[in-house]
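Working notes, beginning with the structure itself.
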Amino acid sequence: MNNFIAKSANIGQNFSIGHNSIVQEEVKIGNNVTIGHNVIIYPFTRISNNVTILDNAVIGKQPSNISTLTITIDKGLSPCEIGEGSIIGTAAIIYAGTKIGKNCFIADLASIREKCVIKDHVIIGRVVTIEYETTVGEYSRIMTHSQMTGNMVIEDHVFIGGAVASTNDKYMTSGKWKGPIIKSGARIGANATIIGGNTVGKDALIGAGAVVTNDIPDGKVALGVPARVIKDVPIDPAVSNQKK
Amino acid sequence: MNNFIAKSANIGQNFSIGHNSIVQEEVKIGNNVTIGHNVIIYPFTRISNNVTILDNAVIGKQPSNISTLTITIDKGLSPCEIGEGSIIGTAAIIYAGTKIGKNCFIADLASIREKCVIKDHVIIGRVVTIEYETTVGEYSRIMTHSQMTGNMVIEDHVFIGGAVASTNDKYMTSGKWKGPIIKSGARIGANATIIGGNTVGKDALIGAGAVVTNDIPDGKVALGVPARVIKDVPIDPAVSNQKK
Amino acid sequence: MNNFIAKSANIGQNFSIGHNSIVQEEVKIGNNVTIGHNVIIYPFTRISNNVTILDNAVIGKQPSNISTLTITIDKGLSPCEIGEGSIIGTAAIIYAGTKIGKNCFIADLASIREKCVIKDHVIIGRVVTIEYETTVGEYSRIMTHSQMTGNMVIEDHVFIGGAVASTNDKYMTSGKWKGPIIKSGARIGANATIIGGNTVGKDALIGAGAVVTNDIPDGKVALGVPARVIKDVPIDPAVSNQKK
């Protein structure tokens, strides 16, 4: 086994752990938790009942500070929390100060920085990156390879396709950070780009490869580079599929 | 060394293994196999002769099931198989139910889900993701950072550039999954997007950043957002380079 | 602890190391170096003073050779070098033959292949990939999820947004490799694509999602697919911000 479990860690009943994993000081683990091989759990992390953490995941790490960075790192972060029934994928990385809700699925190689709030029933795809202080609402799904910037607000039942990019600095290097807002029920096509400071409206639909450089009103379809509104979103079962 | 090798694992001659690696129950390993450090090989995986598996790779993992997911996970998967002479990169992840052919190169941080078939002489670049039930034909190459969706068919001698995205749900959240088909010899430019249900024809060429929303005929060049056919692919050595 | 440290490794003062890490033969480590858990450092790697290497990082690995690859791998590489004060992120991968400068920040899951030169004060974001023989100048920043091709020249104070793609083979599979050149102070928007053989001029600004298929002159703004020059870059503090 060769696991390292700190004496001050508080472990619930029916605990399973693989080989070479590390559970550090003051970690609190609920009942029926399964931890894979080579997992690293940083001090003070709180893991609820029925959570699964797969191989090579790193949970609760502190952000790094270096003078080269343009944002200031907050080291006084609250512990990372993983909500009941959630699954953390292989080699996923979740920072301190971030809270994952219930029944979330964080896929392999995803990484989520500090001070994010991921609400219940969210799916974060493989290799997705989420920067600092971003919120993802209930039942939202962010597909494989998407890159979500800092200070972004993603509301409930949002669908973000694969390989979507986003920015929080409209002119790059301006130093004024403002992530996009994606309103409830909006859908963003694969490989689209959402520029900082803009809002994608409720139930709006952004086409694949579009570049959103302005606000998109509620319920509209927008396509192209730059994205232009072309029509209303058709009333179809697809939207209601998201809400069930 | 501190490796864990299950007693029921069947290991061939001239076997090399690093530190902290895990070879689980009933794994079958051929001759002249090299395994790095921190590698995890799940039960029943079959590794042929002359295979190299680099550090931190995870081979043969089962998919995770969670009620939040929109597809049903099949747990009765056949073992993961790695064909003769193939190399699996650092921190690559390959699921159970997937078969990698001979002389393939799966680069660092690539991940391939369940029920995929990767035929012989294929190159999968770094950080590439391939979803479930996708087939990649002989001598095809998928470059760094591309995201290949589920139920996709990539035929032989296809070239997929870096950071290409693809979808298998034309309207997002419709619940009807159909991956694109990329016919033999086609080439897809970097950062292009291929929408589900469409076919890119034999020897066709898709420009960088194009968004393919319709079928592209054999031998045509298509560019733009959305992609429009502009001319025939010139007869040049580039295509035949792929076929040698 | 269960670390493996080769007897021939040369370790400086005030050295800190986690669990399950591997420091191989002839590695040279300066003073005040911190190494996390599960880190793998390959033979002959040189790590300067005040460097931090986070969990699961792999430093100094050799490239793999396989007949399927189109480039020839050079195995006679000089050791990997990590400059003073730099931080290497969780699960980052840096190859032999590559040199990282002083005060660099290489974020989680980034990977940098052989023969690259990363100069001082550079930031490489999460999941960024850099291919072989690419140079990144002082104070340049490459944001999350970008994919930088081989033989590319990125000069000083360049800003490359998130999810940018680049190629070094204009026609794909032509076999003539020539990476783009990004001149000093240029800024590339998120999800843009830079085609091989082209130069982005000094202080030029490329819009998000643009596809650069020709040279872009110094100080110009270029947008769209394909990218067209539309105006001069406005004189604003943003550019000078890069130069301080």
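The letters A, B and C name the chains in turn, as written, and every chain counts its residues from 1.
By definition in this document, a residue touches a chain if its C-beta (ideal position, glycine included) is under 8 Å from a C-beta of that chain, and two chains touch if they have at least 3 such contacts.
On a predicted model such as this, the values are computed, not experimentally measured, just so you know.
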Checklist outcome for this item: Hop count on the shortest chain-contact route linking chain A and chain C comes to 1
Next on the checklist: For chain B versus chain C, which are copies of one sequence, does the interface use mostly the same residue numbers on each side, meaning over half shared, or is it different?
Outcome noted: different
Next on the checklist: I'd like the angle of the rotation relating chain A and chain B after CA superposition, in degrees, nearest 5.
Outcome noted: 120
Next on the checklist: Can you work out the whole-Å distance between the CA centroids of chain B and chain C?
Outcome noted: 25
Item to check | Numbers and ranges of chain C residues touching at least 2 other chains | outcome: 2, 20, 38, 56, 91, 109, 127, 145, 163, 191, 209-210, 225
Checklist entry - How about chain A: which of its residues touch chain C in the complex? => result 2, 4, 20, 22, 38, 40, 56, 58, 61, 64, 66-69, 91, 93, 109, 111, 127, 129, 131, 145, 147, 149, 163, 165-167, 171-175, 191, 193, 195, 209-211, 213, 225-226
Checklist entry - chain C touches which residues of chain B in the complex? => result 2, 18-20, 37-38, 52, 54-56, 85, 87, 89-91, 103-105, 108-109, 121-123, 126-127, 139, 144-145, 159, 161-163, 187, 189-191, 205, 207-210, 223-225, 236-239, 241-242
